[in-house]
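First chain A sits with chain B, and in the next complex the same chain sits with chain C.
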Partner chain A sequence: MTNSWTDIKNTDLVVVMGGNAAEAHPCGFKWVTEAKASRGAKLIVVDPRFTRTASVADFYAPIRQGSDIAFLLGVINYCIQNDKVQWEYTKAFTNAAYIVKEGFAYQDGLFTGYDESKRDYNRSTWDYEIGPDGYAVVDETLAHPRCVWNLLKQHVAIYTPELVERICGTPKDKFLTVARMISECASPTKTMTSMYALGWTQHSKGSQNIRAMAMLQLILGNIGVRGGGMNALRGHSNIQGLTDIGLMSNLIPGYLTIPTEREPTFDSYMSTRGFKPLRPDQMSYWQNYRKFFVSFQKAMWGDAATAANGFAYDWLPKLDVPAYDVLRAFELMHTGKMNGYFCQGFNPLLSFPNRRKITAALSKLKFLVVMDPLQTETARFWQNHGAHNDVDTASIQTEVIELPATCFAEDEGSLTNSGRWLQWHWAGGTPPGEAKHDAWIMAQIHLRLKELYRKEGGPVPEPILNLEWRYKDPDEPTPEELAKELNGYATDDITDPNDPTKVVLAKGKQVVSFAALRDDGKTASGCWIYSGCFNEAGNNMARRDTSDPDDTGAFLKWSWAWPVNRRILYNRASADVSGKPWDQSRKLLEWDGTKWTGYDVPDIAPNAKPEVVGPFIMNPEGVSRLFTRGMMRDGPFPAHYEPFESPVVNVVAPKVRGNPVARVFRNDMEQFGDAKEFPYAATSYRLTEHFHFWTKHSHVNAVLQPEFFVEISEELAKEKGIKRGGTVRVWSKRGSVTAKAVVTKRIKPLICDGKTVHIIGIPLHWGFMGAARKGFGPNSLTPYVGDANIETPEYKAFLVDIEPIAGPVA
Partner chain B sequence: MFPPFPNPPTTPTQARFGEGDLIRRSASSVTPPAQRQTEVAKLIDVSKCIGCKACQSACLEWNDLHEEVGVNVGVYDNPLDLTPASLTVMRFTEWVNPESQNLEWLIRKDGCMHCEDPGCLKACPAPGAIVQYSNGIVDFVHENCIGCGYCVKGCPFNIPRISKVDEKAYKCTLCSDRVAVGQGPACAKACPTQAIVFGTKEQMKSHADGRIKDLKSRGFANAGLYDPPGVGGTHVMYVLHHADKPEIYAGLPNNPRISPLVDLWKGVSRYAGFAAIGAFAVFSVLHSVVAGRSKVSEEDETNAKRLADHEGSNGSQERAST
Partner chain C sequence: MNMELSRRGFLAGAGAGLAGTTLGAFGFGDVEAAHAAAIRPFKLANTAETRNTCTYCSVACGIILYSKGDLKKGEKAEIVHIEGDTDHPTNRGTLCPKGAGLLDMVHAETRTLYPQVRKAGSDKFERISWDAALDRIARLMKDDRDRNIIEKNGDGVTVNRWTTTGFLAASATTNETAWATYKVVRSAGMVVFDNQARV
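And then the complex of A and B:
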C-alpha cells in the first residue's frame, strides 16, 4: 500500500477492482464502511462476479477476467477526452512532459524491439531522449509529439467505450458510469483509493494491470494524498514482510537485488546502481544503494566482510537466470534437476498451478522437508486419498521429513501489514507437542551444517563458516535479537566528521534509522527499509498509542511503519508545486517557507525546496512515471493481452496469444487449452469463511463453509442441466475436479465481441487434510504460466468445461 | 464509528443484573424490580453487513458450541438453518430490485429478536424456563426447560430449536453473561464493519437514524428501522435498505405478532409437566388451522411425546458441547 488501512477512511471513492476486499480482507474493509458512513464515500466494484464487496457497493459493473487493462486504459482515455485530468499534478509530478527516444513505437500489440524467438524485447528505445547536459529532455508545453503525454494519449485512444464493451463484456452504459464517477476525482479536493489484490496480480500481465491503475491515479492526482493511493491488499498477515525481507529468489532484503553472473565483482555490481539523477537537483534516493548494500553484507558476515574483500561480495550467490521463482523451481524438480526441497510455511501441492505436474515433480525428489504447524497436503502428497489424491504410493521414493513448527499465536515477533506497519505481537500460548519455533529449527540446521563444513570441508565453505551469529543463545535467536539486527547497529565507533574525537554512535549501539547507515563498513543493517524499527528508543513496533491528532488516520505512535514511520508514501505530492496542500481539509504536509511540516513524516528532505525537488524521490527523475522506460519486460505502457487461455481472440492484436513475453516452459505450451475444447472462462478466489488451506483444519471454519463448490450462472446451469446443489465435474486440459454446484444470479454470462462468455468461479480452500470435507482446489486446473515480470501464476483466468454428474452415494 | 466497548475487566466483576431484575418469568409470576434497568439493544445494519460470518464464528466460540460440519447444498448459507448449536446464521438472498433491475445480495443475520413482548415466554408452560430481564434480554433457563417446543410455536420469528441430545430449547442469549459484566455480545465484538453494534435501545435508535439518512442519500428511499410494534418492539433491531419489504430478507415477518392462540391455550396449560402434551396437541391443531406458519417438526413432536412418556423427565443429560 502507498497509504494505510486507517487512511482509507479519508477517501471519497473506493474502487475495488482486481480484489474482493470485503471477502478476503474483512477486517481492513471496516475502513471502507467507515468512509461510506462518515464521509459519504462511494464504493465501486468491478468484478466478473457480484461479490460480497459488491453487496455493499454503490455501483457494480461486471468485467471478464483478464481484461482489466482494456477497461482501465478505457477510463484513462475517457479522462483525457473529457478533460478530467489534474493538470497541475500531472505536469509537475509525472513524466508527462518527458521526450521519448526516436524509434519507440507500438503496433499490432507489440512495442518496438520484439524478438519472437526469445519471447523478449530489446528495450533500448524505451527511454527518454537525453540532452547534452546529461539530463532527460522535457517539453513543459506538452506539444512535442514524442512527449510521454502525447504518446499516452495516442496509446489509449483505441480504448473507446465500445471497444471496452467488446473486450471486457462490460455494458457500455455501466462502463461510462464507472468512468464518470472515477473522473470526478480529478478535482484536487476529491480523492479515490484503489484497493486491489490477487485479482490483478495473478495474470500473465499482472504487473501491468496494477500499472494501468497507477497511471490513472497519477493523472487524477491521487498518489501521495490522504484517501488516495495504490493499495495492494496483501493476502497473508505478513506477506508484505516476506517481500520486504527479500524472500524472493532475485532479491535481498529491502528490495536490493541479488547479483547476476554478469556481475562477478562488487565494482561491476555497483556500476549499474549509481542512480544518477535524470533531472537537475533531484534526490534520487537510490544513490545511497551502496550504504544499504554494504550494511547488509556487514549484518550477514560481520568482521569477515571487509573493504578489502569487497564486503564479502563473493559469498553472495550469483543468478544465472532472472529468478528461481516457484514455477522454475518445480520445473527443475520435474526435469530431475532439483533433488531436495525445503518447504517452510507453504503448501505447494495446493498452491502451485497444474497440480499433476506438482505431484510428478515432488515424486522425483530425493527428499522433501516440510516445516509447518499443520499437516499439509504437500507433506502427504505421496498418500493415496482416493479421488482426492489418487497417487500410487509404492512408486514414490521421496523421503519426507516433517518438522512441526509453531503457529503465529505461539510465537513473538512482528507482522508487516499491507500498510507497511510492523506490528509486534506476543505469544498467546505455548507450542504443542514437539513443535518448535522456526528460528530454532533454522538455527539448528545452520549450526549443524557449519559443524559439517568445519569437520569435513567442502566447496565454498566461507559463507556458512563466516556467517555472523551474534545471539545470546546460538541455538535459538530471539525475535528481539533478529529485529535489532534488521534495524542495524554500529560495528565500530562512529565519530562526528567535524570532530573526530567526538563519538556520535558507539560501537554496538542501534542506528536511529537508515539515514545513519554507511558504506565504509561501520554499520550493519539486515534490511535498510526496516531501519528505525528497533533503535535505541526501544522496540518501536510494540508501540500501542492510539492518539491521532486531528483525526487524520495517521496514528504515528501506533506500531511503526517503514520507511522511517512514514504512513503515506510520496506524501510531498499532497501539496501543490509551491507546497500548499491541494485540499486544506485533507492536509498532510505543507511548506512553511523553510521546511516541510504536517501530520506525517515527510517523504522528502525536510528542507528540500518545493519548486526544485520533485516528490518521487526514489526515481532519478524526481517525478512519477506514466511511461516506465525499460523497467518492465512487457512494455513501457500497459497494453491489452488476453490470458493464455481465453474464450475470445485478442481483438486488438489477433496474432498475439497471451502476454508475448511471458515465460513458458517447454511442454507447458502444449498444455494450454483452447476455447473450442474448453468453452468456459474460469477464475479462482477465496471465500471469507476460510484462510487459504489453513482454516479447513479448524472445526469452526469447516462448519461455516464445509464443502468445495463451484459457482455458475443460472443461464449456464440451465444450458447444461445442472441443478443447485448438484454435483458437477469441471476439467481443463490439465486436470479434473468434482464439486457441488452453487447456481447463482451473482454470475451472469457476458457478451464479448458478440460471443456469449460463461464464467465459472472456483474457490480454493479445500484439500484432503483437515476438518472440512475433502475436496479439490483450482490448481488442479490452472495453467503453468506466470506474469512476465514477476512470475505470479495465472490463476485468475483459464479455460474449463463442465458437466453434471451423479453425486456421491451417501 | 460507533465507540467500541472497552476491554473486559481482568478482575472479577459484580454482575450488573440478575434474578432481582426479572420482569417476566414463564408460567409463574415475579415481583418486578422497583426500577427497570436501561433497555439494551443490538442493532444489525444489513446495509453494512458483508456476510463474513465472523458473528457465527464468535457465537460458536464464546458459547463453546459444537456444530456439525455440514454439506453445501448450493448456497452460501452454512449451517443452512438455526440449530441448538448455531444460535445465529447468516441468510443470503439474491434479490433483483424490480425498479432498477439491479441485483441486490441481501445478507441478514438471523437469531433471537429479544421481543419486548416475548411469544416464547408467553407460550412456555415450564415455570422459569424462560425469563425476561428488565433490560429487555430474554433468556432460556435450561434447568427448567422441559423441551416441549411451545416456545418454537410461540415465536413469531421461528427462532428456538430443540436439542435432540438433551431435549432442551436453545436460542441466542444476547450474551447475557457478557452484558452482565459490561461487555457487548460476542457477535458485535467480532463484527469487522460494525454492522452489529450494541448499546442502550435509545442509542441504537439514534445510531440507526444516522444510518437511515445515509441510505436515503444513496437512493434507498424506503430505508428504515425494523423494530416491530406487534411484539412491543425488539431488543435486536435491523436497519434495512427496504424497510417497506422486510419479507425479502429471507422471510423476515412484515408484521410479527404473537399467535392469538398462545393466550387461548395458555389458560389450559398454566401448570406444566405431563399436562403439557395435551395442550400442545390442541395448540398444534388450532395453530395450523389459524396461522399455519411456524411448524413444530416431527422431531419436536417425538421429543415432546417422549417427554410426556417420562412424565416430565428430569432432563439432566448433558449437551454434547465438546
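And then the complex of A and C:
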C-alpha cells in the first residue's frame, strides 16, 4: 500500500477491482464503510462475481476476468476525451512532457522490437530522447507528437466504451457510469483509492493490470494524498515483510538485486546502478545504492567483508536466468534437475498450478524438508488419499522430513502489514509437543552445515564459514538481536568528517536510520528500508501510542512504518508545485518557506525547494512514469491481452495468444486448452470464513464452510441440467475435480463480442488434511504460466468444462 | 437489573464500594451485592494477557492472547482465549470469521508435534529426534551442495550458485525469522528461493 488501512476513511471514492476486501480483509474493509458513513464516500466494485463487497457498493459493474486492462485504459481514454485530468499534477509530477525516442511504436498488439522466437522484445526504443546536456528532453507544452502524453492519448484511443463492452462484457452504460464517477476525482479536492489484491496479480499480465490503475491514479492526481493511493491489500500477515526482506531468487533485502553472471565484479555490478538523475536537481535516491549494498554485505559477512575483497561480492550467488521462481523451480524438479527442497510454512501441493505436475515434480526429489505448525498436504504428497491424492506411495522415492514449528501465538517478533507498519508482537503460549521456533531451526541447519564444512572441507566454504553469527546464544538468535541487525549498526567508530577526533557513532551502536549508512564498510544493515525500526531509541516497532493529532489516520506513534516511519508514500505530491496542499481539509504536508511540515514524515529532503525537486524521489526523473521506459518486459504502456486460456480471441490483436512475452515451458504450452474443448471461463477465489489452507485445520472454520463447492449461474445450471446442491465434475486440460454445485444469482453470464460467456467460480480452501471434509482446489485445474514480469501464476482466468454427475451415496 | 456492563468496565468497577455508586444511593445496594455474588468469577480475570497480531491476512488486526500461566515469568502457558485488541487503531477490537477462530488454529488436532521422517518408498512417517533430523538434513544438504554447486560458469566467471536444492520461505513468519532464513539460505549459495509473495 502507498497509504494505510486507517487512511481509507479520508477518501471520496473507493474502487475495488481485482479484490474482495469485505470477504478477504473484513476488518480493514471497515474503513471503507467508515468513509461511506462519515464522509459520504462512494464505493464502486468491478468484479465477475457480485461479491459481498459488491453487495454494499454504490455501483457494481460486472467484468470478464482477465480483461481489466481494457477496462482501465477505457477509463483513461474517457478521462482524456472529457478533459477530466488533474492537469497541474499531471504536468508537474508525471513524465507526460518527456519526449520518447524516435522509432517507438505500437501496432497489432505488439510494441517495437518483438522477437517471436525469443518471446521477448528488444526494448532499445522504449526510452526518452536524451539531450546534449545528458538530461531527458521535455516539452512542457505537451505539443510534441512524441511526448509521453500524446503517445498515451493515441495508445488508449481505441479503448472506447464500445470496445470495452466487446472485450469485458461490461454493458456500455455500466462502464460509462463507472468512468464518470472515477473521472470526477480529477478535481484537486476529490480523491479516489484503489484497493486491489490477487484478482489483479494472478494473471499473465498482472503487473500491467496494476500499472494501468496507477497511471489512472496519476492523471487524476491521487497518488501521495490522503484517501488516495494504490493499495495492495496483500495476503499473508507478513507477505509485505518477506517481500521487503527479499526472500526471493533475485532479491537482496530492501529491493536491491542479486547480481547476474554478466556482472563478474563489484565494480561491474555498480556500473549499472549509478542512478544518475535524468533531470537537473533531482534527488534520485537510489544514488545511495552502494551504501545500502555494502551495509548489507557487512551484515552478512561482518569483518570478512572488506574493501579489499569487494565486500565479499564473490560470495553472493550470480544468476544465469532472471530468477529461479517457483514455476521454474518445479519445472526443474519435474525434469529431474533438483534434488532437495525446503518448505517453511508453505504448502505448494495446493498452492502451485497444475497439481499433477507438482506431484510428479515432488516425487522426483531426493529429499523434502517441511517445517510447519500444521500437518500440510505437501508433507504428505506421497500418501494415498483416494481420489483426493491418488498416488502410488511405494513408487515415490522421496525422503520427507517434517519438522514441527511454532505458530504466531508462540513466537515473538515483527510483522509488516499492507500499510507497511512493522508491528511487534509477543509470545503468549508454550509451543505444543516438541515444536520449535523457525529461527532456532534455521540456526541449527546453519550451524550443522558449517560444522560439516569445517570438518570435511568442500567447495566454496567461505560464505558459510564466515556468515556473521555473533548471537549471545548461537543456537537461537533472539528476535531482538535479529531486528537490531536489520536496523543496522556501526561496525567501527564513525567520526565527524570535519573533526576526526569527534566520534559521532561509536562502534556497536545502532544507526538512527538509513541516512547514516555508509559505503566504506563502517556500517552494517540487513535491510536498509527497515533502518530506524530498532535504533538507540529502542524497539520502535513495539510502540503502542494511539494518539493521532487532528484525526488524520496517520497514527505516527503506533508501531513503526518503513521507510523512516512514513505513513503515505510520495506525500510531497499532496501539495501543489508551490508546496500548498491541493485540499486544505486534507492537508498532509506544506512548504512553510524553508521546510516541509505537516502530519507525516516528508517523503523528500525536509529543505528541498518545492519548485525545484520533484516528489518521486526514487526515480531519476523526479516525477512518476506514465511511460515506463524499458523497465517492464511487456511494454512501456499496458495493452490488452487475453488470458492464455480465454473463451474469446483477442479482438485487438487476433494473432496474439496470451501475453506475448510471458515465459511458457514447452510441455506446458501443449497443456493449454481452447474454448472449443473447454467452453467455460473459470476463476479462483477465497471465502470470508477461510484463510488459504490453514483454517480448514480450525474446527470452528471447518464447521462454517465444511465442503468444497463450485459456484455457477442459474443460467448455466439450467443449460447443463445441474441442480442446486447437486454434484458436478469440473475439468480442464490438466485435471479434474468433483464438487458440490452452488447455483447463485451472484454470477451472471456475460456477452463478450456477441458470444455468451459463462463463468465458474472455484474457491480454494480444501485439501486432504485438517478438520474440514476432504476436497479439491483450483490448482488441480490451473495452467502453468505466470506474469511476464514477476511470474505470478495465472490462477484467475482459465478454461474448464462442467457436467452433472451422480453424487455420493449419503 | 437490566444494565450492560462491559467486561473492562465491570472489572474496573469491581473494587469500588457500593455506597458511592448511584445505584447504592437509590437503595439498590443489596440487589447488586446479591447479583454480584451470584456471578461466577470471571474466566479471564486470572489469565496473562499478551499482545499479538492475527496470523491471517495483512490487515494485521491487533489481538490479545489470554493464557493460563505466564510465559514472561517462565511458566508454562496455555492459551485459553483470543480476542480483538480494542486499543488497536485498525481493527478497534473487532475480528472477522477467520480471526474469531484463531484459538482453534492454535489448538488444532493437526498441529505438528514431533520431527518425523518418511523414508524413500515407505508408507508411513516415523518419529525421530530433533538431533537426528537436523544432522540428516545437514548431511543431505552438504552432499548435494558439494556435488552440484557451480563455482564458475563456462566463461570462467565466479558464480557460486547452487541450483539443485531450493527453499520456499513463509510469509507468516516474523521479519526476524525471515532475516535469519535469508542469511542461512543465501550464504549457502542457494538461488532457488521464493515465498508466497510470488503467488
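Going forward, the second predicted complex is superposed on the first by the 810 of 810 C-alpha atoms of A that agree within 3 Å, B and C clash if a C-alpha of one lies under 4 Å from a C-alpha of the other, contacts with A are read in each partner's own complex, and residues count from 1 in each chain.
By our rule, a contact is a pair of C-beta atoms (placed from the backbone, for glycine too) under 8 Å apart; a residue touches a chain by one contact, two chains touch by 3 or more.
No experiment lies behind these values; they were computed from the predicted model shown.
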Touched partner set for A:773, first chain B, second chain C, both or neither: first
Partner chain in contact with A:255 - chain B first, chain C second, else both or neither: neither
Touching partner for A:87 - first (chain B), second (chain C), both, neither: neither
In the superposition, chain B vs chain C on chain A residues touched: C
First, second, both or neither for A:689, with chain B first and chain C second: both
Touching partner for A:286 - first (chain B), second (chain C), both, neither: neither
First (chain B), second (chain C), both or neither touched by A:417: second
Which of chain B and chain C A:394 touches, first, second, both or neither: second
Which superposed partner A:300 touches (first chain B, second chain C, both, neither): second
First (chain B), second (chain C), both or neither touched by A:275: neither
Set intersection of chain A contacts, chain C complex versus chain B complex: 26-27, 30, 688-689, 699-701, 704, 771
Footprint of chain B on chain A - complex, ascending: 22-23, 26-27, 29-30, 33-34, 36-38, 40, 50, 52-56, 58, 60, 688-689, 699-709, 723-726, 740-746, 771-773
Touching residues on chain B, where the partner in the complex is chain A: 1, 47-54, 56-57, 60-61, 66-76, 78-79, 86, 94, 96, 102-107, 192-195, 210-211, 214, 217-218
Contact set on chain C toward chain A in their complex: 48, 50-62, 65-67, 69, 71-72, 76-79, 82, 84, 87, 89-92, 94-102, 104-106, 108-123, 125, 130, 133-142, 144-146, 148-149, 151, 153, 155, 157-199
